[in-house]
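The structure's right below; bear with me while I get my questions together.
When the chains are written out, they are named A, B, C and D in that same order, and each has its own residue count from 1.
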Amino acid sequence: MDEFNLDKPREECGVLGVWSPEPVDVAGLLHLGLFALQHRGQEAAGIVVSDGKEVRLEKDLGLVSQVFTPERLAKLQLEGARLGIGHVRYSTTGSNLRFNAQPLTVRSSKGILAIAHNGNFVNALEIRQRLLSEGAVFQTTGDTEVMINLIARYSQLSLVEATARAMRELKGGFSITLMNRQTLLAFRDANGVRPLVIGRLENGGYVFASEPVVFPLIGAQFVRDVRPGELVWVSTETGELESRQVLEPAPTPCAFEWIYFARSDATLDGIDVHAARIRLGEELAREAPVEADVVVPVPDSGIGAAIGYSRASGIPFDYGLYKNPYAGRTFIQPTQEARALKVKLKLAATSAVRGKRVVLVDDSIVRGTTSGRIVRMLKEAGAREVHVRISSPPIRYPCYYGIDTAARKQLIAATHSVEEIRAYIGADSLAFLSEPGVKRAIGGPVCLACFNGLYPAGQPDGELEKLALEDT
Amino acid sequence: MDEFNLDKPREECGVLGVWSPEPVDVAGLLHLGLFALQHRGQEAAGIVVSDGKEVRLEKDLGLVSQVFTPERLAKLQLEGARLGIGHVRYSTTGSNLRFNAQPLTVRSSKGILAIAHNGNFVNALEIRQRLLSEGAVFQTTGDTEVMINLIARYSQLSLVEATARAMRELKGGFSITLMNRQTLLAFRDANGVRPLVIGRLENGGYVFASEPVVFPLIGAQFVRDVRPGELVWVSTETGELESRQVLEPAPTPCAFEWIYFARSDATLDGIDVHAARIRLGEELAREAPVEADVVVPVPDSGIGAAIGYSRASGIPFDYGLYKNPYAGRTFIQPTQEARALKVKLKLAATSAVRGKRVVLVDDSIVRGTTSGRIVRMLKEAGAREVHVRISSPPIRYPCYYGIDTAARKQLIAATHSVEEIRAYIGADSLAFLSEPGVKRAIGGPVCLACFNGLYPAGQPDGELEKLALEDT
Amino acid sequence: MDEFNLDKPREECGVLGVWSPEPVDVAGLLHLGLFALQHRGQEAAGIVVSDGKEVRLEKDLGLVSQVFTPERLAKLQLEGARLGIGHVRYSTTGSNLRFNAQPLTVRSSKGILAIAHNGNFVNALEIRQRLLSEGAVFQTTGDTEVMINLIARYSQLSLVEATARAMRELKGGFSITLMNRQTLLAFRDANGVRPLVIGRLENGGYVFASEPVVFPLIGAQFVRDVRPGELVWVSTETGELESRQVLEPAPTPCAFEWIYFARSDATLDGIDVHAARIRLGEELAREAPVEADVVVPVPDSGIGAAIGYSRASGIPFDYGLYKNPYAGRTFIQPTQEARALKVKLKLAATSAVRGKRVVLVDDSIVRGTTSGRIVRMLKEAGAREVHVRISSPPIRYPCYYGIDTAARKQLIAATHSVEEIRAYIGADSLAFLSEPGVKRAIGGPVCLACFNGLYPAGQPDGELEKLALEDT
Amino acid sequence: MDEFNLDKPREECGVLGVWSPEPVDVAGLLHLGLFALQHRGQEAAGIVVSDGKEVRLEKDLGLVSQVFTPERLAKLQLEGARLGIGHVRYSTTGSNLRFNAQPLTVRSSKGILAIAHNGNFVNALEIRQRLLSEGAVFQTTGDTEVMINLIARYSQLSLVEATARAMRELKGGFSITLMNRQTLLAFRDANGVRPLVIGRLENGGYVFASEPVVFPLIGAQFVRDVRPGELVWVSTETGELESRQVLEPAPTPCAFEWIYFARSDATLDGIDVHAARIRLGEELAREAPVEADVVVPVPDSGIGAAIGYSRASGIPFDYGLYKNPYAGRTFIQPTQEARALKVKLKLAATSAVRGKRVVLVDDSIVRGTTSGRIVRMLKEAGAREVHVRISSPPIRYPCYYGIDTAARKQLIAATHSVEEIRAYIGADSLAFLSEPGVKRAIGGPVCLACFNGLYPAGQPDGELEKLALEDT
């Protein structure tokens, strides 16, 4: 994880799948595609490819560019490769992280299966306990292994049938891509919490991906979003896209995809991300106006909303914070002072704020520490006033659908009022966008669970969770 | 694999387990112990430790000294560690070797299980097919995962009972160490093909190991060999060694342990290895005498037998071949000429052979190419005659109990007569020790399957093997 | 070098020096400072520290964060450290790059000397030939070794005197920091082509640096710029800053520092960089107006000028290009198609340009290939028109003062008219800022040699250069 | 340095040079050759090659097999390569070891020079001071840079003349190989302290090397030893070997080459090493006989002498100590106990010593700690008596000619009587071979300075040494 983003919610994963009617450089396409999804997970990356007979896997901890060395890409070169899946991951802690990297491949009664997975199930532990009591063993503590075991249990069914059956048993917010030696499948949960889109290659093949941003890189055209609750696959007979509505759709995609996670050049469920961010800023300007001289984004997450705020308010937009592109994994002695330094290593105030009343626009506040340091930095650089405007509501609840918002007690908004947060970060004023404001700006039904605690796709059973932790 | 040992049979693994009545540096003890077992496997190494609650695993490809960096050893430091197992491995090829490293750890109905394994089952595929059809999934193609799944299936039994039951179903030649968070177990197959010994720590704890050479390094005393077919474990209540004779013992330990694999300072099943090698050389001198001036060992594998040959024949022993201790993994362009070079990089003739009739003593011949190059090297250095004497019979059959003797078609003795081999390697004479000679020298019942094709612990079902390969 | 910046001029180096009246963590201060100068050189980094007796050096190829691992920083920890220098470098090609990393340390008649150097001499070869004929030897082909040898030749003079004497003999554009075990010195060439500033630590110590951006990170205050032709040092007796005007100042600092190189939060020779970039954009809007709907910067280099262009023209600013922060060193097969891909890996058009007439603002064009690809990307994303505006004149001449602008034949503007470049990059219109426009925007005398071929600090003697190359 | 060899004198270097009349794979030949010289230095390795125009250098810390990766060897592939030199090094401590690796290359008035060097000058500091006062600078503290500067100072002379002149000024024990773009030279000091031999390639080219053991590997034939004080080179006109007797020969080659350093398959100055070691053992048996049951070598250094002792005494030779071939760089917590462990990691007693009176034969004792641990190990394994026999006299004086025998105060024999050493190591008896015994066994004039303090090639001036250290 980029240690400079400690104060941002973290997406857990990006998934990808490619199927071609004729042999192509599947590994090359997946490699490029994962690169475009890198923002969804920086801890691990992996690719599986198959030519219908052989299956090859390479995965490891690290960025796509670190994992896929020329040597490793060469190992994935299968002459007749026709399908494959890929994954980028923000992994949780643990002693053997490397073994948690995805795709996960297993040998089952259905031959080799490979799966890549974004999101979480809320009933994973319950299903896991059931499988354990039936004699299953697990090598990781992750949801993915539970899912693949569940599919494999239906040894009498076809892969499509077994997957459909398993998907009906799993609750939560998640997207997956799945393959055996011949067939590529993808599934999106009934609420469509996590995104999943379909693209078409020039040669008639198909691509499934977390975001459409992969398509321009690999010469694919956007076809449509996978529907909530829909299982899609490419027929090995006809080469055509097949679909089954496994679960009744109840669309509430995650609002944070538009607020922060998704790339600004993406369009998800028909809603353009960059345009949505500008509208979030415009709503924010209307809801929380302020007399000021300049609108300054926290780069890069606040740029869209800052442009929107500037447009709706008429206050000039300027670049008040330089962002050091090399701020990465520099070793700093881990002291309190050091954490303050990290913000200074990443950001520096420009002359744009000197003597000005500044509107500082960002997308969210998790712990509040970074925001406080930026406010101080602007004041030290001569800003007369700093008014912080956040283009989303206060985050008060954990996400159970694949986003690491930090434990509840670390969420400053879970335990502090807006005024207390303002005082803590030293701003002259602070405002968050309202839930209705978010809905208006995005313009469709969205999951706002981390703001309001209403979980459209269910919550985990706390008792079970405790039991499981004792055993791990 | 040491590329200079292409012409030697390869042991597949070494196993180790430590249990202490009080917290000790379990990882440190295992680390030292694995170091002493390094000759049994150079491809991968791993250690699992537990304090009764937490379980930590570190494993990777490489030598013990490469895998266990200070950082990795630090990660294995558990304040209250009381038990652990370790493994060194010569791994087979495959695209994800790293995932095949051992110990293998899984979460099962019995909590976390960790296993380290030396040897092979002959009915692994049959059991694997059964488990697959019951919905199990496998992440590797190895025997070890089959074994652990089999144990986990007996979810209603205790760990000791479930292990005993599973061991009764598995056929072949193998030794294992196994643990959960509290209990350490070890098992040796009914034929005792692979070695396994018991040692006692100064603090009353126990050590299970492939060879007793581990004990002096970690301050343990040799107690006894594990009996063929015996399951041993340390009682978590009394801290005492418990035992159950799971299968009727039918002892036929692998002769090659004394001929080549085991360390010369080991004693296995009551028979000292160095002394056995000298006796092998003495038998060889009696069976295949020759008029000569000097007895020269191929270092280091032929030293013991050469001393024995010299003693029994009265011909002086001398160091006719210098062995370069740095001959390891030097990069050489992989040409035919290069393979010849590798022998020259490793060995060089000294003045001891100049003008002499030389008896060249080695433990075995697999492909014959290296032997031929050494004979030529001695002649180029001025040896008048070179008489090759091998302290074991010709290897004509594959080993199904954990030793990689190369495919049958690569075994020169499987397809050539002794006279043809002599001509191929350019020796003035060539003799192998007879099977009775081996038995006399070792002095107990032994498995000679690779020499005579008689497999005391059974053979794999060829049909199943073919089916399985199609699915991998 | 960031392979995605092939089409930008490259700064060759950043220099740094720290002197403290009492022991401090000099290595830590230099480490942080180099981090802030990382944009000036990404190929190599180095630090030298001294406590007055011992001298320690660590340098290597790589980013500051790669070179200075915890282990390496630990090696630089000298209990009583009081001074040190640091360097970041964009190195030229050669077979032993690592040996060219700086600081360069030598043992001389004046004890150990260490030097860090930014820029180039135009008479380096002439001096080098002279020293060679006197029996000197050189381990590198770089200017730095020439300089240190020249200083060492004055073995009868003090370090300050010898440095002053050597600086008088060297012609060109460069800045240096220099130290022996006790004394820290810095020098800036008579034209002040390369920047150099003085800061003061809280404890009364001094810092010399290429840009003032290092000061906030290490708790220093900006004092002043080093004057062109000025030698400064810290007196070891009084701890005070000493100065000698070695050469008559003829200030013509490099215009490109404000146009592109320097960080936007820097102020050089009294002129704020961010403000200058906005003025460059404003001048550009006045000189080359166009009817359009949106002003889009090429991130990040065109941001300041784009804001200026938007302000002066009244056309809205928007974020039309997403920049992938992970676009770095991904391995792509080096084909023609691949080079096109690299731009797509780094940049992607957002919805901001769809259906719009776009003003695309960038700071410079070197080869023109990247600009062409961005224009095409915008058009493919739906831009109706793309008008390219460049906030500097066409680059037509090489820089001899430390900037790698690519060979002359690769400079598209050296061989093509503006109209030809426009056609090549496929823009609807193209305009460069004029030289007078640059001067007005920056507001002081500047070196414009790469635009007009007038070299204020002299040119190398071509004949000598040819001779030297034959010998290397 | 192999941490298990702390108790052995350490050779500092091996040198190599190749010249071919036609283009060949010079880097490949040097790579193989260095591999054969690896025993002379394990800390660093380097190769320089030239095709007459271009010069390429690769060097780094590490074993030959670690430094010369396929990538690095590829960088040394020069189409028309015809000459090159190579080096292996045991380097001294220091903060920038890497920069001390050899060959050293410089650009001088004579073009590029490269040098590889084994041994030391006793007047290096005096010459260094002279050069410093003339304005020279040094990047290392090593002798090699002094030598190359000295040669370069004679800028008016040809390379052969300048080298001859410089060699006359240098005193000490050393061998060098030296080249510019066309010419390969080699020199051996007037006493011939360090070895240097000449070989001939099949294509008529020449090889200069520290030991003839490189020849079989690269298809060369031994021609002769370089004479003490002789400068040899290959004429670029005729391709023939040229020679000049620069200094009067006064041959006293280092006795330790035969006792321990040189490979047992080498012949130096006409005396075979393996045969000499057997004679050393035979002399030892005659000088220091003992009643015993078995003669056991400390592997591998004591093998030759043990065979000799066994032959002369009639007591049987046996392998009483197993040597773990993987004992290398394992990480052990650096405690006192740990140092004891290291011996156990490397060596283990076999059954050959049980119940026996053992003669333990080794080549030398430096600190005595390892010997003590081996004696204890044998006794613990059941040896009834242990009689230590050393095939050289006690080491009492430092070597100034390129061998690191440890500081004088660490030499146990410098401060303890033989009886005190015997008590310290716990042996039942201890005897060293006498100086006359060494001379008889080797059979020629030898340098015995480390035994008797008589330095045939001079001693360093202590005053100068002190001065120099103050400045470093």
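Keep in mind that, in the parts below, a residue touches a chain if its C-beta (ideal position, glycine included) is under 8 Å from a C-beta of that chain, and two chains touch if they have at least 3 such contacts.
The chain lineup, named per UniProt: A, B, C, D = Amidophosphoribosyltransferase.
Quick caveat, the model's predicted, so the values are computed rather than measured.
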Given chain C and chain D, the chains that contact each of them:
none
Hop across touching chains from chain A and tell me the fewest hops that reach chain C.
1
By mean C-alpha coordinates, which chain is most distant from chain D?
A
In whole angstrom, the CA-centroid distance of chain B from chain C equals 60
Just give me the whole-number Å value for how far the CA centre of chain B lies from that of chain D.
37
Taking each chain's centre as the mean of its CA atoms, chain A sits from chain B at a distance in Å of 47
Shared-interface residues of chain C (touching two or more other chains) are none
Who touches whom among the chains?
A-B, A-C, B-D, C-D
Flag every residue of chain D that touches chain C in the complex, lowest number first.
56-58, 75, 95-96, 98-99, 104-109, 111-113, 132-139, 141, 148-149, 152-155, 471-472
State the interface residues of chain D toward chain B in the complex, per the touch definition above.
28, 32, 35-36, 38-39, 42, 63-65, 68-70, 73, 213, 216-217, 263-265, 267, 272, 274-275, 300, 303-304, 307, 311, 316-319, 322-331, 333, 341, 344-345, 348-352, 380
